[in-house]
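Please read the structure below before turning to the comments.
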Amino acid sequence: MSLTPEQTAEIAAARAETRPTLRATSPGMEAQLYVAHQVLDHGIVRVVDYMGDDAAITQAARVSYGRGTKAVQNDEGLIRYLMRHWHSSPFEMCEVKLHVKLPVFVARQWIRHRTANVNEYSARYSILDREFYIPAPEQLAAQSKVNNQGRGAALEGAEAARVLDILRDDAMRSYDHYEAMLSQEGQQGLARELARMNLPANIYTQWYWKVDLHNLFHFLRLRADPHAQYEIRTYADVIATLVRDWVPIAYAAFADYRMGAVTISAKGVDLLKRRLAGADVTQENSGMSKGEWREFADIWGDGA
Amino acid sequence: MSLTPEQTAEIAAARAETRPTLRATSPGMEAQLYVAHQVLDHGIVRVVDYMGDDAAITQAARVSYGRGTKAVQNDEGLIRYLMRHWHSSPFEMCEVKLHVKLPVFVARQWIRHRTANVNEYSARYSILDREFYIPAPEQLAAQSKVNNQGRGAALEGAEAARVLDILRDDAMRSYDHYEAMLSQEGQQGLARELARMNLPANIYTQWYWKVDLHNLFHFLRLRADPHAQYEIRTYADVIATLVRDWVPIAYAAFADYRMGAVTISAKGVDLLKRRLAGADVTQENSGMSKGEWREFADIWGDGA
Amino acid sequence: MSLTPEQTAEIAAARAETRPTLRATSPGMEAQLYVAHQVLDHGIVRVVDYMGDDAAITQAARVSYGRGTKAVQNDEGLIRYLMRHWHSSPFEMCEVKLHVKLPVFVARQWIRHRTANVNEYSARYSILDREFYIPAPEQLAAQSKVNNQGRGAALEGAEAARVLDILRDDAMRSYDHYEAMLSQEGQQGLARELARMNLPANIYTQWYWKVDLHNLFHFLRLRADPHAQYEIRTYADVIATLVRDWVPIAYAAFADYRMGAVTISAKGVDLLKRRLAGADVTQENSGMSKGEWREFADIWGDGA
Amino acid sequence: MSLTPEQTAEIAAARAETRPTLRATSPGMEAQLYVAHQVLDHGIVRVVDYMGDDAAITQAARVSYGRGTKAVQNDEGLIRYLMRHWHSSPFEMCEVKLHVKLPVFVARQWIRHRTANVNEYSARYSILDREFYIPAPEQLAAQSKVNNQGRGAALEGAEAARVLDILRDDAMRSYDHYEAMLSQEGQQGLARELARMNLPANIYTQWYWKVDLHNLFHFLRLRADPHAQYEIRTYADVIATLVRDWVPIAYAAFADYRMGAVTISAKGVDLLKRRLAGADVTQENSGMSKGEWREFADIWGDGA
């Protein structure tokens, strides 16, 4: 991990100071507050603040005066109903704020999720640290042959070594040059907002990211998915465990109705019904394109 | 106020139960939590949850690991700087959730602020209460003669009495008919989602409304303003006092740089500079339209 | 329909004036421009402007310099791929602006879709017309026995007649009183922003509503759905036909992958796989709640 | 400029093909459609599509059936009124789609404006071109001494030459290595989604960016401002000229009430009034902080 002793001390100090509150609290999230979870080689995810718990979802759905039913079972049934029927607004009533340290190329994917608040460390104002993401050997994947936007098997031997050398050397050289351009020893020193342009996309940046639970679920559905790039997926996977600790009932509904769920097209519904009725359905008689059929058969079998 | 004994008891119960938390707390907001503030004749505003405090704004702006500087003075300087220079994202790091009871015609103005989360009491699912907004006599204003979108002096005597009679009678009759159409005694009973269409726009509805501090400030700037309709302004005024208790430093900056501030057009800047240099500036030589000049002269005098 | 002769003339004039443009045009949408489609008894939907066509979706997805491939087939394959894999941003590249006249209670549901731009006729500034939605007899439905938020069979006989009488009489009386309060004959006249509070939720309002294609599809998925209230569904159904004329390829993909599609929970996927393998799956051994099973069996049969 | 002959031909072809439309057209914008404007050394801005014109703003504000008043003067008065009074929704009724080629570090600032639609060229899917932003000598600025987030004077002599050498060499080397890692000659070839991490932030990317006029004005106010980094400001300046051609009346109102306008705090209003009344106002008796006073005095003079 990449915490300095000062940072570790700040986190310990933050976890040592308990205050009384009248607000809803989530015991699972209190246990997570401020704790730094390592991601990739130098990345971090940690919860900095949160609002609401499972009961806050049903309380908002009912627009109630108090904390609502004491019966957790009723809350669970309602939460599962809301998730199943795409009622999104009650889930927007919970909010979480994360502190994330991540490579710039991951940040560029992440920021595409617009319904969130973000404060990023400013490389116009401050100097970035010498920290770069270098993939672990097993993640040094070849270009996929079948998917223009994916990875194949891991590189091997000399090729892998050569790639790692390039990534490490270029990162160090670009950072050396970044420092050399900024330096004010015996020269004026280039503006920070310009010098940063020399830094590659695997340098680490960090930000505070705040999002409501509905939009966080949407983020997880897209980014904790096998189609997402491995690097952002590792962040999503860690965040998923934090959400599970925070709102266990809502997370379970999400896992069942979104993450583990499958959407079948009108054509696919028809095919499945025919199959359930005993018909022999293959790509030839499916009316589906090859790509569509491959995705269908991956789940339901190819009927052979 | 319009709380039932059960609601009063629920609020008291919520305020009686303190829990320990590691999160930032705002003492001023803890004192406000759950308390129902009366607005208009049957309206309510109360804080149901909040996230963050003044320090959370600077903590996010600095993307720091801990709670940041202990020196409140540094925080204040930074917060004022951020507000002055329209840095909105640090203010988005605080969030508040309100429970509001309000007339439908006020709700229709309020919902125009889109960057917020809302769960409204459903009149498809439930039956609305017999509660209507009837203006206080001093708010029973005549149509403005100068502003198509504003109020003039209060109505007087028989005209005022007649208006109040109409509003009260029509409200009661429409609600009687609402109940009569819904009734399942000796008849099927009309669907709730249809029966509600008979209810006038002064009936009260209620919702949970969640918003970040930046967007709440924007709401207050537009709605706690003399140009806003009186009824929504009374809600904004109450919310402003809650925000002041919650984040006193940010609120003071907002009061100075937004609420009490004035935006002067390029033309107006030129006029003021000429005046400061001793020139006699009047509408005739100002290049402003009459409406523009009136607004300018309201603040800076007409030069006469 | 409720167009005045002046409005009809304005629409005819707008449709008579053709201008040359270098922009992408959609022949199907040009045929629809400005034409008023009747909805309910006095409602209207009409296209006022649009941006983009099917090719604009793929052009944006490819970030190309020109109009892209001439081969419509390639465009279709890409559009279907984008829809199937939840790539939403290319669909955001098309935009449409509608003029809609609708009852206030429908407007209140509609406005919940926040990612859109809206300008509503102002009842603070102007006087509303005497137009109210009175349901057709076959839409005068009883409250559903099984669904708190739905309709049952149509009311019959005396009960239906009584409801229609109430709705008509209360609408007329409330409007008479609205006019009486506004009147400046022999009195001051109540402010418009206050007088409107006496009007019921079935009065018609109107607005300009502008939305991108991705968010419009989301609107249609939720509002052209059997669970949506009939009144808003009729608007969604009309808009769906306009979208079909505008971007036929994207609309077909939407119909297949969204409107006609089914999302199956992780549990449901498991059940279906067991069934395909010949197992006897019933509610008892499904692990589903009654509500969940009912929804599952509605599509896939109850296994009996 | 960096257009290939193919791209130039595609643009010429797009400009050659006129179609009839019933929609509102803007002559100034038709003249701009598809034309590539050079920005920085390899950057481009061009209009790909647009919706609406000046009249569309007032038409939406009036929720009218036709194109509204023929009197341009009425439109101008209304547009200026709307701008002056912060009525934002009518300006949201116009929309524009731009194709922009820009360095990655500029793209990272730009994307912070969330209320827009964007499709970026995918470096997961495709291979980026060998094009990097190298500042012109006069833009090679030193770090500002007074502003942590700004530039001072241009670097000179050997220092400037050294910086340019570094930027050019590192860009070329990183791109050589990018190609070497991707190459499938005699090796597997690294996945594109990984290889891109070696590329520095001055490489060019491109995107389609679609935004409504209100949010575009907000973008211009922040980015065509002297506090914005020079590189993004050059893009904003070009876009401003396109907007001026598109909606000349709205742009003039924006220039007067936003770009050239000044917001004065409550404290500042008080100071100006005292000065207009003849008082001697200096920092000492102003109650302002040094920073605040400096900004105030920059506009209104320091009273000395």
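For reference, chains read A, B, C and D in written order, and residue numbers begin at 1 within each chain.
One rule holds for everything that comes next: a residue touches a chain if its C-beta (ideal position, glycine included) is under 8 Å from a C-beta of that chain, and two chains touch if they have at least 3 such contacts.
Computed from a predicted model, the values in this text were never measured in an experiment.
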Intersection of the contact lists for subunit A and subunit D: B, C
Interface residue overlap between copies subunit C and subunit D, same or different (over half shared): same
Superposing rotation of subunit A relative to subunit C, computed on C-alpha atoms, to nearest 5°: 180
Centre-of-Cα separation between subunit D and subunit B, whole angstrom: 33
For subunit C paired with subunit D, centre-to-centre distance based on mean C-alpha positions, whole Å: 35
Whole-Å separation of chain centres (CA-atom averages), subunit B against subunit C: 30
For subunit D, residues contacting two or more additional chains: 89, 112, 118
Residues on subunit B engaged by subunit C in the complex (per definition of touch): 103-105, 108, 111-112, 114-115, 118, 122, 124-126, 133, 135, 139-144, 148-153, 155-156, 159, 162-163, 166-167, 170, 173-174, 177, 180-182, 184, 187-194, 196-202, 229
Subunit C-touching residues of subunit A, taken from the complex the two chains share: 77, 80-81, 84-86, 89, 112, 222, 227, 255-257, 259-269, 272-273, 275-276, 289, 291-292, 295, 299-301
Subunit D residues within the subunit C interface of the complex: 3, 6-7, 10-11, 13-15, 17-25, 30, 33-34, 48-52, 56, 59-61, 63-67, 89-90, 92-93, 95, 97, 99, 117-121, 206-208, 210, 212
